[in-house]
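Order as written gives the chain letters A, B, C, D and E; numbering starts at 1 within each chain.
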Amino acid sequence: KVLVYAAASTSNAITEICKQFNQTTADIKVKVSFASSSTLAKQIDAGAPADIFISASPKWMDYLQKQQLIINDTRHQLLTNKIVLITPKGQQIAIAMTKKHDLAAKINGKLCLGDPDHVPVGIYAKQALITLGWWKNIKPQVVGTKDVRAALNLVERGECAAGIVYSTDAYSSAKVDQIGEFPEHSHSPIIYPVSKLKAAKKSADIFLKYLNSAAATTVFNKYGFSTK
Amino acid sequence: MFDLSPAEYSAMMLSLKISLWSVGIILIPGIFMGWLLARHDFYGKSLLDGVLHLPLVLPPVVTGYLLLLLLGRQGFLGKWLYQQFDITLAFSWKGAVLATALMSFPLMVRSIRLSISMIDIKLEQASRSLGASALNCFFTVTLPLAIPGIITGSILAFARSLGEFGATITFVGNIEDETRTLPLAIYTYIQVPDGDAFAQRLLVISIVIALSALLFSGLIEKRAATWLGKK
Amino acid sequence: MFDLSPAEYSAMMLSLKISLWSVGIILIPGIFMGWLLARHDFYGKSLLDGVLHLPLVLPPVVTGYLLLLLLGRQGFLGKWLYQQFDITLAFSWKGAVLATALMSFPLMVRSIRLSISMIDIKLEQASRSLGASALNCFFTVTLPLAIPGIITGSILAFARSLGEFGATITFVGNIEDETRTLPLAIYTYIQVPDGDAFAQRLLVISIVIALSALLFSGLIEKRAATWLGKK
Amino acid sequence: MLSLDVQLQRGNFNLEASFALDKPVTGLFGSSGSGKSTLLNMVAGLARPDNGWLKLGNKHLFDSKRNINLSPNKRDVGVVFQDSQLFPHLSVTKNLHYGYNRTPKKQRRFEVIEIIDLLEIGHLLKKSPIQLSGGEKQRVGLGRALLASPKFLLLDEPLASLDQGLKGQILPFLKRVKDELELPMVYISHSIEEILHLTDHLVVINKGRILGAGHFYDVIKAEAVKGVANSMGLENILSVNVIGHDIESGHTIVESQGNILLLPLTDKFVKGDVCYISIRSNEISIAKHHISHISIQNQVKGTIISCTKNISYVALQVDIGTPIIIDITPKAFHELELNKNDEIYCLIKAQSFSFLGKLE
Amino acid sequence: MLSLDVQLQRGNFNLEASFALDKPVTGLFGSSGSGKSTLLNMVAGLARPDNGWLKLGNKHLFDSKRNINLSPNKRDVGVVFQDSQLFPHLSVTKNLHYGYNRTPKKQRRFEVIEIIDLLEIGHLLKKSPIQLSGGEKQRVGLGRALLASPKFLLLDEPLASLDQGLKGQILPFLKRVKDELELPMVYISHSIEEILHLTDHLVVINKGRILGAGHFYDVIKAEAVKGVANSMGLENILSVNVIGHDIESGHTIVESQGNILLLPLTDKFVKGDVCYISIRSNEISIAKHHISHISIQNQVKGTIISCTKNISYVALQVDIGTPIIIDITPKAFHELELNKNDEIYCLIKAQSFSFLGKLE
């Protein structure tokens, strides 16, 4: 039995991969616990019986590394993602993602993003907004949400005039328009690292390998993740 | 001793404001609902009873989400409120009041209902025979005798409001000085590595507020008990 | 009509199991605590009262986190439990029971306390003078007369347990078949695009369970009312 | 005044009552559990009859056919409850003022201070009801009802737990209230003396049925009432002819079914009157033969019809021209070896007889 | 039997009592609010004295100095509460069985069926207390206490709301319980007749103080008791010398302070006895002159000492050798134009006197 702790934003992909894996591998059963990366990291810190940790940001992997809970050799980058600017469907706002424009002038209403203080997608978004020189003006309009799903939701429902979410989220939602992709260098790279934990069972290696297999990659791509 | 940073102070005051408002706005409806459920039988009572408990049963995030569906600017009611009265609840502290109020409502109603159902109906009859109208009897007999339940309900509701997180953050987000209450601020800190120290300070503030509120309510309770002749 | 997927079925049964266990384990301590607070004055009562309310006041995530610190395998108590008895509460459904129990405990205690404080102490005196020991009097007079409060407390605790999310996910994680209760499953679905439809199904299940529980409790309540001679 | 025809089923207790009262005060008399309080609650609007109607003067209080059911506060009917029902959250003063404050100034018939004095509750005003003794509660309950200045007053054993001193003070006050303020009342009591102090009009109820209603003398004559006379403390009622008075010896002499009886001298009845007298069953002694040299004035021959043994006494039914009940101790019963059909003498002291009234 | 010396402060009510009872049954007598129920609660262990001690036989129930405070269930003291205190969640049967089931078989002194018969509550067994009438509650409360077979029974106005029929049935039963089972009791009642039916030993309490304790005759002699005799229905107590009996006229003739009085004939007292008689203040009439041709036997000359006006009556204090109280209506008071120091005649019917007892 392998227990995978995975960031909640990967849940649909990971669930599917596990299903496939469990069907193909008879003797090993994989189970997943989904929650925010911070929760998972703290649980692992508190002795959670996890074998593999998939974090939505390197920070929490670093945290565990500092606690010497992961096997450093096994840590690697599993997925990458991008952040994009979205609006509710059919708003037709045109904006180029450069310093010349001012986002605040273009959108009439709130801008939703994950809480810029702690939610990874919010932190990336804030970095990008600062890089683009938009942050100062847009700040009063920013609504911090609990996680990226909440931000997407708010935009889908038209509660926010715009939002910044992962491209994976924007990709799978039919109710929003993706109006711009933030330049890759405008924020630190969005990386989902994975690692095996020190307390892990042996069988975890097999699943870790499977995560990097072609079959898994197909699934990840299906849900909009890049695997570089 | 314990110097509060402006952010901490703001979160504390916001929490207090929202919790007090929340208890304030559900008090009267809670009394009414408690009385209705304790003293009346009507068609659909079980359903009403059930619906009242939903905020307790549903995950708070879901309640917040449903509120958003209903009262967001695009929501059925929210649109109307916005167009007619220029009121926006989502993303404002008023929305937070609504969310916490909704979450604490079942606790308020249940407590009041319990205490009203334990009042001897003969006292109400005595009041009527002394010339009190049904309404007057309610205010001069039923209500005072239900005070223990009202206090209990208010404490539970206030405590629940202070601690409410899921529905609030979902419905009104986490906006500093507007909707970032203590729980939201705490949440913010524990989401980042190294935030624990700050979170702990906020926790202590929460606990101090809660304990003060309980001490205060304890005093009122004792008074009420003496007054109701239980001691 | 409404076919449940194995995952849905599992979440539902888990929720029911955890909620029932949760109510089950706090019932007796809740009655004791309610009685203690209603009928006794002692040094430190206010403090005890305050501490009891903390799970209501603190953000659930914090409560879960504190549980984790205390009862996780590295935790002060958790280590001991593990070493001495090979018991691990964190990350198992038993831990979820503990978390939900803790969250609902103040509701249980408050309701029972309220109803006990409304019992006429002279009836207890009558029972004593008829030869009942203090304990016997408690079981034959106080307890039966507190039944409305016990029912109310149980309903509130059960509902709260059904809806508990923050403490559970933080303390025991979100592991299918072990700790993924309905609220956690709903959370998992709403974390991903296109999960809404599934989330809605789960929501309906939650509501159905809650309404059934309330209907059932309503019946018990009516019986109790007749039995207590209120009708 | 009050007239009614109501029916109510409560569990296996069935109340069917119909009468009209025309006197200001009426005593409601009946054994424990006979339905007095229930009847009173219906008049006050606190219990709803299943069927029938209730009228106070011309005012319809209740009528099941016409769907009238006046709410209690519109009936202007005051109630002194058997178990006082004081408001536990209000002090004694506030309890007293409860109805008073709800009465328009002009309609007030009593002042608070006057009632406080009468009931001797001045030292209790600040207390809460839970701190009162049984009798104190009853007094406050009475005061509270009076101060609401109702147009009709229902009193449910208002003096049951009061001492003689207070009774002797409150009863004359109630009488004055009735006479001077013309406040009509229904007065429930188990003490016939108390009722007769206020009125000679009675309603007798038993097991939910009205056995008689009207003037005391008429009511106790009624065949149906005889069955419950026991619980009225009037077990044996005889109708007698007044033969004369012996002022010297202090006796009034009457004749009943051929027996000559000596009664305490009275000036209420004259020779030729036919009147009712009563004698309690436990104030009659029994002898197997006529006894001489004894102060007891009446020795009446009779025949035992039946003997009913109870735990603490034996009830004999004795025919002395009319059947009477005599209670003796089981010990006496055995020593005298009494049997059915035995001839015995009933020994009755003159003072044991009470005059009830004249047959008009 | 029971002996105590206790002190309790409750608000502004202060109780200080000390007495020892040596007779199986003692009546506890006192006006409303005098502290009877409080005293009873202390004996039963339901109220805690501030100071003092309580003993039942040799058993220490309470002793503040020695820190003894037996819990109520260990005292073997049964209580019939003034307000019955039935358990609302239990049926009548279960209420009756409550103490019964908690009594070891051997110690049981009554059987349930016997008590049910006596109290006539057979038809109520399945009911819940809320469905009972006032008197029914009282009966069940009495039954419940008896069935617990206590070693000492405290009865707080157990018959207050019962009809004469039931009283006449329960009182002899209690008397038998006392005689045959030797179950000691303290019996609270406002009716001196009820108490005298069971016992001639009394404790008189007023405003928290014991005014007298002991045999009836001794107690009523006590100067302190005279003040409360009013509330006992014994306002005027005279000590008289029995001069003789006039069997012909049916009178016992006595002399009091030079006045010759005619009383109903009695065989309890003989010539030369000094005994107490009582007369109620409202059974005395007043005339300004001696009146002829009247059936009233006693016309005693006296002088008005004082006149106290109350709402419904005027209380005259009249010196007829010894001071007595006479209540007359305000109307009569004005018509007769009475003043202090006036000479008047007190008219008293022979039957109005009651014999209380002999001075031994």
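Definition applied: a residue touches a chain if its C-beta (ideal position, glycine included) is under 8 Å from a C-beta of that chain, and two chains touch if they have at least 3 such contacts.
Only a predicted model underlies this, so the values are computations on that prediction, with no experimental measurement involved.
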Set of chains whose contacts include both chain E and chain D: none
Farthest-lying chain, centroid of Cα atoms versus that of chain E: A
Separation of chain C from chain E, taking each centre as the mean of its C-alpha atoms, in whole Å: 57
Chain centre separation (chain B, chain C; CA means) in Å: 19
Centre-to-centre distance between chain B and chain A (centres being mean Cα positions), rounded to whole Å: 35
Whole-Å gap separating chain A and chain E, where each centre is the average of the chain's CA atoms: 89
Residue numbers of chain A (touch at least two other chains): 42, 153
Multi-chain contact residues (two or more partners), chain D: 131
Touching two or more other chains - residue numbers and ranges from chain C: 61, 65, 187, 190, 230
Chain-to-chain touches, reported pairwise for every pair that qualifies: A-B, A-C, B-C, B-D, C-E, D-E
Complex contact set, residues of chain B against chain C: 46-47, 49-50, 53-62, 65, 106-107, 110-111, 113-115, 117-118, 121, 148-149, 152, 155-156, 159-160, 162-163, 165-166, 182-184, 186-187, 190, 199, 203, 206-207, 209-211, 214-215, 218, 225, 230
Chain D-touching residues of chain B, taken from the complex the two chains share: 122-123, 125-134, 136-137, 140-141, 144-145, 147, 227-230
Residue numbers on chain A that touch chain C, as the complex places them: 3, 5, 8-9, 11-12, 31-35, 39-40, 42-43, 45-49, 147, 149, 152-153, 168-169, 171-173
Residues of chain E touching chain C in the complex: 44-46, 71-73, 75, 77-79, 81, 85, 87-89, 98-99, 102-103, 128-131, 144-145, 148
Footprint of chain D on chain E - complex, ascending: 10-12, 30-33, 36-38, 82-83, 114, 117-118, 123-124, 127, 131-136, 138-139, 156-157, 160-166, 168-169, 172-173, 175-176, 190, 192, 228, 230-233, 245, 247-251, 262, 264-267, 280-282, 295, 297, 310-313, 327, 350-351
